[in-house]
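Next up, some structures in structure tokens.
Here come two complexes built around chain A, the first alongside chain B, the second alongside chain C.
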Partner chain A sequence: MVKFEILKHELVPQFEILKKEEIEALRHTYGIKKEDLPWIRRSDPVCKEIGAKPGDVLKITRKSPVAEQSVGYRYCVPG
Partner chain B sequence: MAEENEKDTLAGKATAKAAKAKKSSPKKGYARKATKAEAHAEAPAKASKAKPKKAKAEGLKATPIETRAAYLKKLLVNYKGMLPDNLLTQLEAKLSGATMEEAQVKKIVDETYKAYTKALIEPGEAAGTVAAQSVGEPGTQMTLRTFHYAGVRELNVTLGLPRLIEIVDARRIPSTPTMTVFLDDDHKGSLEKAKEVVTRIERIAVENVAKSIEYDMVNASFIVEVDEEIAQDKQLDAEFIAKSIVKLKIGKVEIEGNGIIITPEVTAQDKIKRLRERILTLRLKGIKSIKRVLIQKENEEYILHTDGSNLSEVLKIKGIDPNRVYTNNVSEIAEVLGIEAARAAIIKEAFQVLDQQGLDVDMRHVILIADLMTSTGRIRQIGRHGVSGEKSSVLARAAFEVTVKHLLDAAAHGEEDALEGVTENVIVGQPIPLGTGIVELFMRFSNQKEAE
Partner chain C sequence: MSLSDIAKAMKAIKFGLLSPEDIRKMSVVNIITADTYDEDGVPIEAGLMDRRLGTIEPGQKCQTCGNRVGQCPGHFGHIEMARPVIHPGFAKTVYLMLRATCWNCGKLLLAKEEYEKYTLMMERYKRRWPQLRFKLADRITKKANKTSECPYCGQEQYKIKFEKPTTYYEEHKEGNVKLAANEIRSRLERLTDQDAALMGLDPLLARPEWMVLTVLPVPPSAARPSITLESGVRSEDDLTHKLVDIIRINERLKENIDAGAPQLIIEDLWELLQYHITTYFDNETSGIPPARHRSGRPLRTIAQRLKGKEGRFRSNLSGKRVDFSARTVISPDPIISINEVGIPFDIAKLLTIPERINKYNLEQMKILIQNGPDDHPGANYIIRPDGRRIDLRFPKDRKTIADSVEVGYEVERHLKNGDVVLFNRQPSLHRMSIMAHRVRVLPYKTFRLNLCVCPPYNADFDGDEMNLHVPQSEEARAEALVLMLVQEQILSPRYGGPIMGGIQDYISGGYMLTRKETQVTREEASQLLTSSGFDGDLPEPAITEPEELWTGKQLASLFFPKDFNYTLKSNICLKCPTCKKEECEHDAYVVIKNGQLISGVIDKKAIGAGQPESILHRLIKDYGTDMGRFYIDKAFKLFLSFIDTRGLTIGLDDEELPQQAKDKVSVVVGEAEDKTAKLISIYNQGLLERLPGRTLEETLETKIMQELEEAREKAGEIAGSNLKDGNTALLMARTGARGSLMNLAHMVACVGQQSVRGERVIRGYQGRTLPHFKQGDLGARAHGFVYSSYKDKLNPIEFFFHAMGGREGLVDTAVRTSQSGYMQRRLINALQDVRVEYDGTVRGTDGSILQFKYGDDGVDPAKSDHGKAVNIDKIIERVISAGGK
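After this line comes the complex of A and B, so read on.
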């Protein structure tokens, strides 16, 4: 059987690790620190799958029932 | 809930902000347009319906459809990211068929954008409180209604208020765990193939196929009588069962016709009792904790509904569509698919409960709650051991539950309260940091000196 990829599951949105400049731009637009974003644990299955490390910021593109598509961010923390 | 909202979920708030805007923009658009021109009788996205009439009435020349469509596309690309996708698609759908000039099209899109920005949540708005009230009030109506809903299928799933409390409390295991398993292309079409998958999933223990189990005191052995009809139906035979029992390593196992005779090495009364349990619950086939599987036909495909849930194991089964497997056990989803999937599942579950009860709660409130519950990367319950219990303010915590304990602990540890949240300030009688109260003024003395 083919290995099941969690990223393809319908409940799992699209993930993308942001580059340094993108994080900087994000902090600027919202006027926040990285830690102020919602978190995601390093042990999270998705983090393991895409190889996110603590300190990374993930951009999450979700399918939203109210806006078709919505963008969110999570800050990767240890644990 | 207001202050958790402020401090915990900046992004959550942003979501709610955007969300709220979408919700109310049509209304606001309506209000303003109505004052401007009677022709704009509908919401901005729908304004196009009314607009062509006006255009015709005024006798305006229409540009060819192709150029207009191209123009519209180009125009809308500029708004990508500024307006939510659903508004863009709606605009495109409604405007591409309209007979009007480019300037008018542009005007409609501009107006939509204005209405949208105006409808966005303002800084300091108590989004969390509004969400809490919007879910709480319909919740009081639910209490008066049914507690358990006997489903059309034999499967009984907790619904209504008990289920909502379960979701918000982030219980590890729901009282009625259930899964919805979709089948892959090869299996979803025929009942035979669906049954084949069921045999792989459904847990069958010795107790399910045994007619009786008795302990023979004289020979110090168990006699398990296999019910052949059931066993055949489950594609099992005495030999297979006997082999499985051997693996328990409790003693000699023999087959005698329909019976299996097990002679354990121990003979102590209390141990025999426990052995009996072990034999009965021995799993022969299927997945642990999945007690029953029902096949249902929905939209030309067979779907399995299970009693019991075990996401990680079901995902390994051949013949299912792993990308669509669903369970109502949210913490299991968090474990296997991650926190974002759990967020989606909380939204889905909570909204489904409200919807089934016929309560018209806006989804955005539920989304805010889900954002709050998952903001630390783990599922946190709303109550005392989660969101409300982890507030930084002593007074806010004391106001929630077990007042004396919190005050006592705070006194013993010499805690300080910065009086930043809403609750604390209500308690001490200061203006609360909400709405205009959220703004604080600071004076820069250095500049003042320079000016002098």
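After this line comes the complex of A and C, so read on.
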């Protein structure tokens, strides 16, 4: 079976693993711990694809019907 | 010492299991007698009502703690089980643990390397993702279950079968072997603390073998009080009954074991004991018959006390009961403001507000005290600075009491006009179900409310009752006034438009007043404006010769602000392909320039409830909620006054069609019948073309349905265009006041196809719907098409089909409301403490982020313009019109 490139599918938003400093900046802007972000599991197809490890923070940029573009973050957890 | 001195901040709650030792330690008596009281009504020693379990009779001292009824907390007893029994609440957990461990050596069925890997993983999870540790435990348990041979003792593992609620079998080659509870318990005992921890238990608080009971706690008598009926007969609580059963069987089992009875008898008794324990915890356990009272009523045991709507949680813990509330039938009052609620004198005299006496209100308060509890602006109680309450019902001479009060006293005075109260109608589905109103004390016995607040409460006056609450503190009143006052709730976040507004006669009246031909004399204009509370001058009359006449549009314009500009298409607009705008011959294009209604009529689109982009919506957005209240209170009254002067009614002659229109309708319907017949014959000849994705039969059905629907529509059009000018039913349908053109067509032309489950009627007898038809008749008449109109009368067959369709509608509504109610409950429970923080994020109670920006754009739908933060077109329009000046 040909492997399906999920990252290129139009319904899959853009994912990006944040660098250490970016995580710190994010924690500062929202005044939170990493665990307070919404979680994503390492077994999520996107995590497997981009190689996210538990402890990483992902930035998601997606098209939004109301705000044109919206940015969200996920905290990668095992499982 | 007050409670706050001893209170400590709670950091966490941890749940665990009671160990047999714990149960014995907290027990004050070992219960061995299955009886409660002897013949003299004295509690039996070591019985279920033993005095040591706490006292429930007033005046008696508790034998354990020495306290009397109110103080004694009650004390647990215990029952020593003759044989262990499974706790039904943990049966599933016991099953999972049995499967994951070796029957021989009791080890968790994981090879050494794997065991160590998972131990490390569990350590890490506990440090970093404690919430996920149960997921990991599940994974470990599942993994261990897959092992078929013990890696430690090498024994082959048997498959274990679990039969609900509490039976376990081991599948041997020779057949299934039942596992007794004592065997299960000893297997669980062999589990090490580390193994238990890997399976998600905290072994210090919950050893696995504690899930098999050897000792049963007996709740204090206060938790299962016996009641004495008037006849002197004692009646025991359901729990006591169940405990009696348990003790009786337990003692029998003990005797039989001691006497060395045959294994079979012992096993039977053991199973019976397990049944009683299971039903003691939950009498609605699936798979076993519920234990019943002598009368046949199922017993209400522990789970039933907690579960459901009448359970401890929903009824006693979340169910709040309050003082300072009232409930009565509601009725309409178009004269009071939307911010007001009419309250009967009788209720105003019972509900009170505490008011502190100061030098400014002293004299007024003295009058209230003199009036006492029975005359309306009066008072029911005085509270002295030392906290003593003086009841004003009893003293004959209230004058001296009134003279004796001073500044600093508090008076509980009657509700009076202008007080702030909360008004509520169930079901409270959205925030507009509870709004703050100002009191208006009125005669008679019902709550009165303005008709424009019916939509948010979803109220009508066919016997609806509503509740009223009186805030008691200044803070509560201020908060209610700022956040909950009716006028602050006109714009709903649900609609992005005003949820309140004109309904029914308001809309008819607005239309009748503002249509082109309406002209009124000076006398009539004065009358109308006075009754709507207008206090300005009459404008210049539109017509001066031969007599002074004012147009309805002129009068309707008087309530707009002078700089108000707006255009919209009204409800009567026919949506012509090219709109002629101001020149529209139906007067459907509404133009307001500088506060003057230049053209168009006011109808549902302009003032209706729940209409976004209406005049009302614009007024509130541009001029604020005070303007909204003013417009609804004043202008709406004008519409009603006008409809009062002209009258609006429908009668039988409104459903009369001219003969030639009737003929046209029958031609249309006849044609449809012919076409249906033709379709059927094409189908019978096998020439019908199949539609994609449908069978031939479905294709025929769809085509017939389309044909008949089209016929009904055409009949409706004929009816609509042939009704006499000035037909009031038509007026109401077109302006959106009440009813639709379809309703009208049903009355005058043709009721049309009746459907059951979205299809033509097909159920009934073999091959036909009713015995009046031939089998296999596919015609319209045989499948629920009603040719007649309501006015013409339905024939019995049509009537029957109509009833079928109608019944389905009723059942659907009943089912839908219960289902959506349940969903509502679950959504509210899940979302109740989610909130939008000041930084625009949506967060849970623990500060976790649920949305990074509320709704992705941070826009409050109630304040938005069509869901957008700003409406650029509107701003440009306004700037241009202002610049042109």
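The criterion applied here is as follows: the second predicted complex is superposed on the first by the 76 of 79 C-alpha atoms of A that agree within 3 Å, B and C clash if a C-alpha of one lies under 4 Å from a C-alpha of the other, contacts with A are read in each partner's own complex, and residues count from 1 in each chain.
One rule holds for everything that comes next: contacts are C-beta pairs under 8 Å (C-beta built on N, C-alpha and C of every residue); 3 or more make two chains touch, one makes a residue touch a chain.
Model, not experiment: these values are computed from the prediction.
Look at A:74: by the touch rule set out above, it reaches chain B but stays clear of chain C. In the superposed model, A:8 lies in contact with chain B only, and not with chain C. In the superposed pair of complexes, A:36 makes contact with chain B and with chain C alike. Touch criterion met: A:44 reaches chain B, while chain C stays clear of it. Once the two complexes are laid over each other on the shared chain, residue contacts for A:25 go to neither chain B nor chain C. Between chain B and chain C, the partner in contact with more residues of chain A is B.
In the superposition on chain A, contact is made by A:66 with both chain B and chain C.
Across the two superposed structures, the residue set of chain A contacted by chain B and also by chain C is 30, 32, 36-38, 66-67, 70, 72-73, 77, 79.
Residue ranges on chain A touching chain B, taken from their complex, read 1, 4, 6, 8-13, 15, 30, 32, 36-41, 44-47, 60, 62, 65-70, 72-74, 77, 79. Interface residues of chain A, counted against chain C in their complex, comprise 30, 32, 35-38, 54-55, 64, 66-67, 70-73, 77-79.
Considering their complex, residues 9-12, 14-15, 18-19, 22-23, 84-86, 89, 315-316, 318, 322-326, 333, 335-341, 344-345, 363-364, 367, 371, 374-378 of chain B touch chain A. Every residue of chain C that touches chain A in the complex is listed here, in rising order: 125, 128-129, 132, 135-136, 839, 841, 846-850, 852-853, 855-857, 859, 867.
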